[in-house]
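The structure follows.
The chains carry the letters A, B, C, D, E and F, assigned in the order they are written, with residues numbered from 1 in each.
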Amino acid sequence: MGVVVQNIERADRAIIDGLAECGVATVHEAQGRKGLLAAYMRPIYSGARLAASAVTISAPPCDNWMVHVAIEQLQDGDILVLAPTSPSDAGYFGDLLATSAQARGCKGLIIDAGVRDVADLTQMKFPVWSKAIFAQGTVKETLGSVNVPIVCANELVNPGDIIVADDDGVCVVRREEAAAVLEASQKRVANEESKRKRLAAGELGLDIYGMREKLKEKGLKYV
Amino acid sequence: MGVVVQNIERADRAIIDGLAECGVATVHEAQGRKGLLAAYMRPIYSGARLAASAVTISAPPCDNWMVHVAIEQLQDGDILVLAPTSPSDAGYFGDLLATSAQARGCKGLIIDAGVRDVADLTQMKFPVWSKAIFAQGTVKETLGSVNVPIVCANELVNPGDIIVADDDGVCVVRREEAAAVLEASQKRVANEESKRKRLAAGELGLDIYGMREKLKEKGLKYV
Amino acid sequence: MGVVVQNIERADRAIIDGLAECGVATVHEAQGRKGLLAAYMRPIYSGARLAASAVTISAPPCDNWMVHVAIEQLQDGDILVLAPTSPSDAGYFGDLLATSAQARGCKGLIIDAGVRDVADLTQMKFPVWSKAIFAQGTVKETLGSVNVPIVCANELVNPGDIIVADDDGVCVVRREEAAAVLEASQKRVANEESKRKRLAAGELGLDIYGMREKLKEKGLKYV
Amino acid sequence: MGVVVQNIERADRAIIDGLAECGVATVHEAQGRKGLLAAYMRPIYSGARLAASAVTISAPPCDNWMVHVAIEQLQDGDILVLAPTSPSDAGYFGDLLATSAQARGCKGLIIDAGVRDVADLTQMKFPVWSKAIFAQGTVKETLGSVNVPIVCANELVNPGDIIVADDDGVCVVRREEAAAVLEASQKRVANEESKRKRLAAGELGLDIYGMREKLKEKGLKYV
Amino acid sequence: MGVVVQNIERADRAIIDGLAECGVATVHEAQGRKGLLAAYMRPIYSGARLAASAVTISAPPCDNWMVHVAIEQLQDGDILVLAPTSPSDAGYFGDLLATSAQARGCKGLIIDAGVRDVADLTQMKFPVWSKAIFAQGTVKETLGSVNVPIVCANELVNPGDIIVADDDGVCVVRREEAAAVLEASQKRVANEESKRKRLAAGELGLDIYGMREKLKEKGLKYV
Amino acid sequence: MGVVVQNIERADRAIIDGLAECGVATVHEAQGRKGLLAAYMRPIYSGARLAASAVTISAPPCDNWMVHVAIEQLQDGDILVLAPTSPSDAGYFGDLLATSAQARGCKGLIIDAGVRDVADLTQMKFPVWSKAIFAQGTVKETLGSVNVPIVCANELVNPGDIIVADDDGVCVVRREEAAAVLEASQKRVANEESKRKRLAAGELGLDIYGMREKLKEKGLKYV
């Protein structure tokens, strides 16, 4: 406890931006159905979609001191990812911290705990995915760490990993796998586009994907 | 397992449309306070209100193969109703399936599990009431059944039953009771309209409903 | 059980209005981080912010008779606060009751149970913070009490206490502490304004609040 | 509402007793992995195992009047199965009702709500599987029904269906399928017995079930 | 915050002991179905039953410093009742604190948070009713208060109130109402004894309580 | 997906046994309050206490095929640790698998999902800490991996890490930190022993730990 890692590696901006365009569901599929944070992580407002490099915070329960420390480590295009060391719904983060983070180019917050001032954050267009919305205040008494690996909402997040987040939730992509995941994601998108047109025209998935034979083999009966 | 019932009876379109106008709370009251799916079933966006005939899906956990099978059974004005055989939050349904279902006249989805691509579904105006929003992918390995009776979010739903859904949640009406429930619902609506005017004018429910006497008998004390 | 207290004291309108402007997070901090109702109390729509005097209802489970009784006790600028005596998600309150309450100047509802007709309530701009949205009907069989102290969502609420509510949740302020809390809240607001400007300009909280020294003393290591 | 069905059919005692011996997990598998009540249904004490014919109760929220009515309908070897029409944790059932039920040969209670006096019930060896243990009292004001189909903990239970319950939870078997399910269950038990011996001797499931080939085909890599 | 009230009034020992004999369900009914703590408060082992005077603790989240302070205030026959100011599952209390409390005559702990060392506490016969069992450690950094009114698991508890707890959960009795509640409880117990004998002999509640007429009036139909 | 790591390093048996003696709460504190699995992980029976080397399983939802694969990798003194890739309560594990695992020296199971046959497992003295007890069956269709790092109940577990588990829950210790953690744990145990005696004799923690001064400084008031 009590460590701040100052130099972390980040993925290419172009790769990160590409992942943002693909969105959570596609990226999650493209990397082998892994990396999704728990379903209870919900956005405070609808319509945000982003990808960004994780600056991680391991915070004591109900203590947001380390958020101030982490903000100094932010670079343009980063996102804060906070996991408390003991489960908490307390409101670690509000509009003042968002103002400070946004001033340093931070794109948002992923927090396995509570957030507050959500009306202000919505107006500022500072997106947050959180476990709770709760005004409960925190203290500044105990050290935590910044830019160490953390487990957030049941997924491991390393500093510099890419966070993809939208209305479907939050997905983490390992930095070293990001290029490959982007490529696989873009293939899915291209492939889905042609499928979408055929489906919209009334063709059935049963035919497009050739499922009828396999269903018959498994014993599906039409009555 | 592994049965698809192809011919199901549906209620009259006029009756279904009438129920949609009345809304969930009224219909639920009119049929004797029964038929409400569990409170955790929430719409992915606000403002949708519909009634439709249920095409039911009994699906294995984390396996959405049967959705493709069910889509072929859809008629214009139907709604898909999916219950997994083991509890799951996985994202059984997304924008491609919605495109396909919508192309066949499907009005929406009720799912006692997860849904994904909710930003797209919102834009498509394809309403979904679900237990979770979660991008977690599913497989296509195991058979389930289509158009068999299912228990969805703690209520029995038969194929062809009418689903009424709005911002208050989801209610099921037995097909054979639909006409009577519509009649009772419309009476409630009419009755409520006159009450609403009197209440808006400042009259008290205590007086309109003649409650003062009964409250006194029961022993209510004003101090 | 079965008592209606007719004369309750209320705080000054000016104080109440002042608290509304400050909002939940600020008021909660200003009064020593107390008074927050549980995080599960969520608004049925975004953007409402208010402060009002509590007219309390202790209601039997799934029985909304006392709401009618309470409405008669409302004065302009009040808010209804309902706690069931046994946990319940049932829909105690809908658009007719809201029409009646609104006609008497009621500003909203805080309910540790369910609410229904939320589309109508949204259109009426009658804000509700509730534990659940659920159409499940209630009965009118058993007495409860009005304007007695209640525990609502894990906080004690006395009749005449001030309820502050916004998108962050709900906070209760004791009537006799309201003036002092308002003063402390306004100081916080003023103080935050200058901080916000400095943070927006890129200054760090570490420097503004002089935290570097204390972090060093505690042993924080930069690597 | 307000109906008591007096004559219900029950399965053969021998079949019921056979199912009890097999236990929940086996019976559930033998009937095609269906019929399990939700995982939150837990026994109030460990070690009970039984099968019995369901006498069903559809009860209003927080109202246990119908339990008295149902007890008159009990025959030796029956079990009470109660579902409230609106979710409730209230304590519908305690030691007096258990004394009465036990006097009529009732073997236990399945309740999708609360139970109380659990120390007494344990001493009486009256097993209960419930959603909650909660002393909250109920009223006797509103009618429900006895021996109608109900949905209990997300499963449909018809009067006369067989309930199998043990430390793993609760499973319902349709009366008309009971003989076939028993036969399939007993085959499983016999088959498991030989497997158990081989596994206990150190043989691997990989070999006993011949899984190595299929795993290889699917692409499993040993590194 | 930061107040320790040293002199609190306690109820008569004889009254407290009488309430312990009656148990939670009876006492709760006898005082008008009020005072039950939330159903999630469960004992760490079965079979404990007690009544004791509350020494209350309002504790900061994840900070157990005040427990030490409270122990000094304990008298023989007291029980500790702890509520955190922000929801927490952390393990505020373990075997060392129990040793200290037990040495001063403390009969147990009610905690709306976590407890640890439960194997030791069971062996020591130090009963605890808690929201969670969790080893997560706490700090000793921030002040709270001792012997102030608190809301614990959704019920108000004043210092000196009587806590009754058994396998059914936890109930609070106001000190000033304790004598009357005991009297009403003992009447219930006496009354139940005669009922129990008649029910055990096979008489029906329908007859003992004369319910048949009222059920008929309400419209119950036997088919 | 689809990888089995066959050679993993394990900690010294003596160190593992030492950690078992210290127990979860002590080990968790000794390693800096980290490593606790979520509080919902509960033992299926009371009284088990162990430490063992983790053989990890990353399993598809509702698919227990990989358990068979993992059992072959077990050595005497290991424990299985299973995390599904999508949240599930299904019963992945029962008495046959336990028989097989026990035959190979396996000491128990940690599973972030469901377990069944708990009466048999209790009789076999095969301890399990799980998220749920649920008989719901699983399939054997999809590959997962064995002995890869997994996140189980919100904590990272590497193959070969030491799992410490008792009635307080489950804690993971990194293999490479095990010796140091054991040393720190044993110091705590020794230190606690002397404290326990003084506390049992009636001395106060306030005095033993010298807290009075610090409390006074912080402003604690006795009234």
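Basically, a residue touches a chain if its C-beta (ideal position, glycine included) is under 8 Å from a C-beta of that chain, and two chains touch if they have at least 3 such contacts.
Keep in mind that this is a model prediction, so the values were computed, not measured.
S.K.: Can you give the shortest number of steps from subunit B to subunit E, where adjacent chains in the path must touch?
M.R.: 2
S.K.: Which chain pair shares more contacting C-beta pairs: A-B, or B-F?
M.R.: The greater number of contacts lies at A-B.
S.K.: Which pair in A-E, A-F or A-C has the same interface as C-E, with over half of the contact pairs matching by residue number?
M.R.: Selected pair, repeating C-E: A-F.
S.K.: Measuring centre to centre with CA averages, how many angstrom lie between subunit D and subunit F?
M.R.: Each chain's C-alpha centroid was found; their separation is 31 Å.
S.K.: Report the inter-centroid distance (CA atoms only) between subunit C and subunit D in whole Å.
M.R.: Here subunit C and subunit D have centroids separated by 43 Å.
S.K.: What's the distance between the Cα centroids of subunit B and subunit D, rounded to whole Å?
M.R.: 28
S.K.: Report, in whole Å, the distance between the mean C-alpha point of subunit A and the mean C-alpha point of subunit D.
M.R.: Each chain reduced to its C-alpha mean, subunit A and subunit D end up 41 Å apart.
S.K.: If a residue has to touch 2 or more other chains to count, which residues of subunit F qualify?
M.R.: 33, 39, 86-87, 89, 136, 142
S.K.: Quick one: do these chains touch in a line, a ring, a star, all-to-all (complete), or other?
M.R.: Topology of the interface graph: other, matching no listed pattern.
S.K.: By the touch definition up top, name every chain pair that qualifies.
M.R.: Pairwise, the chains that meet the contact rule are A-B, A-C, A-E, A-F, B-C, B-D, B-F, C-D, C-E, D-E, D-F, E-F.
S.K.: Please output the residues of subunit E touching subunit F within their complex, sorted ascending.
M.R.: Going through subunit E, the ones touching subunit F are 2-6, 45, 65, 68-69, 71-72, 89, 91, 94-97, 99-100, 102-104, 114, 116-119, 122, 132-137, 140, 142-143.
S.K.: List the residues on subunit E that touch subunit A in their complex, please.
M.R.: Per the touch definition, subunit E meets subunit A at residues 60-62, 86-90, 136, 139, 141-142.
S.K.: Any idea which subunit E residues touch subunit C in the complex?
M.R.: 1, 32-34, 38-39, 85-87, 149, 151, 153-156
S.K.: Which of the residues in subunit F come into contact with subunit E in the complex?
M.R.: Touching subunit E: residues 23-25, 28-29, 33, 36, 39, 42, 46-47, 49, 166-169, 171, 192, 195-196, 199-202, 204-206, 209, 211, 215, 218-223 of subunit F.
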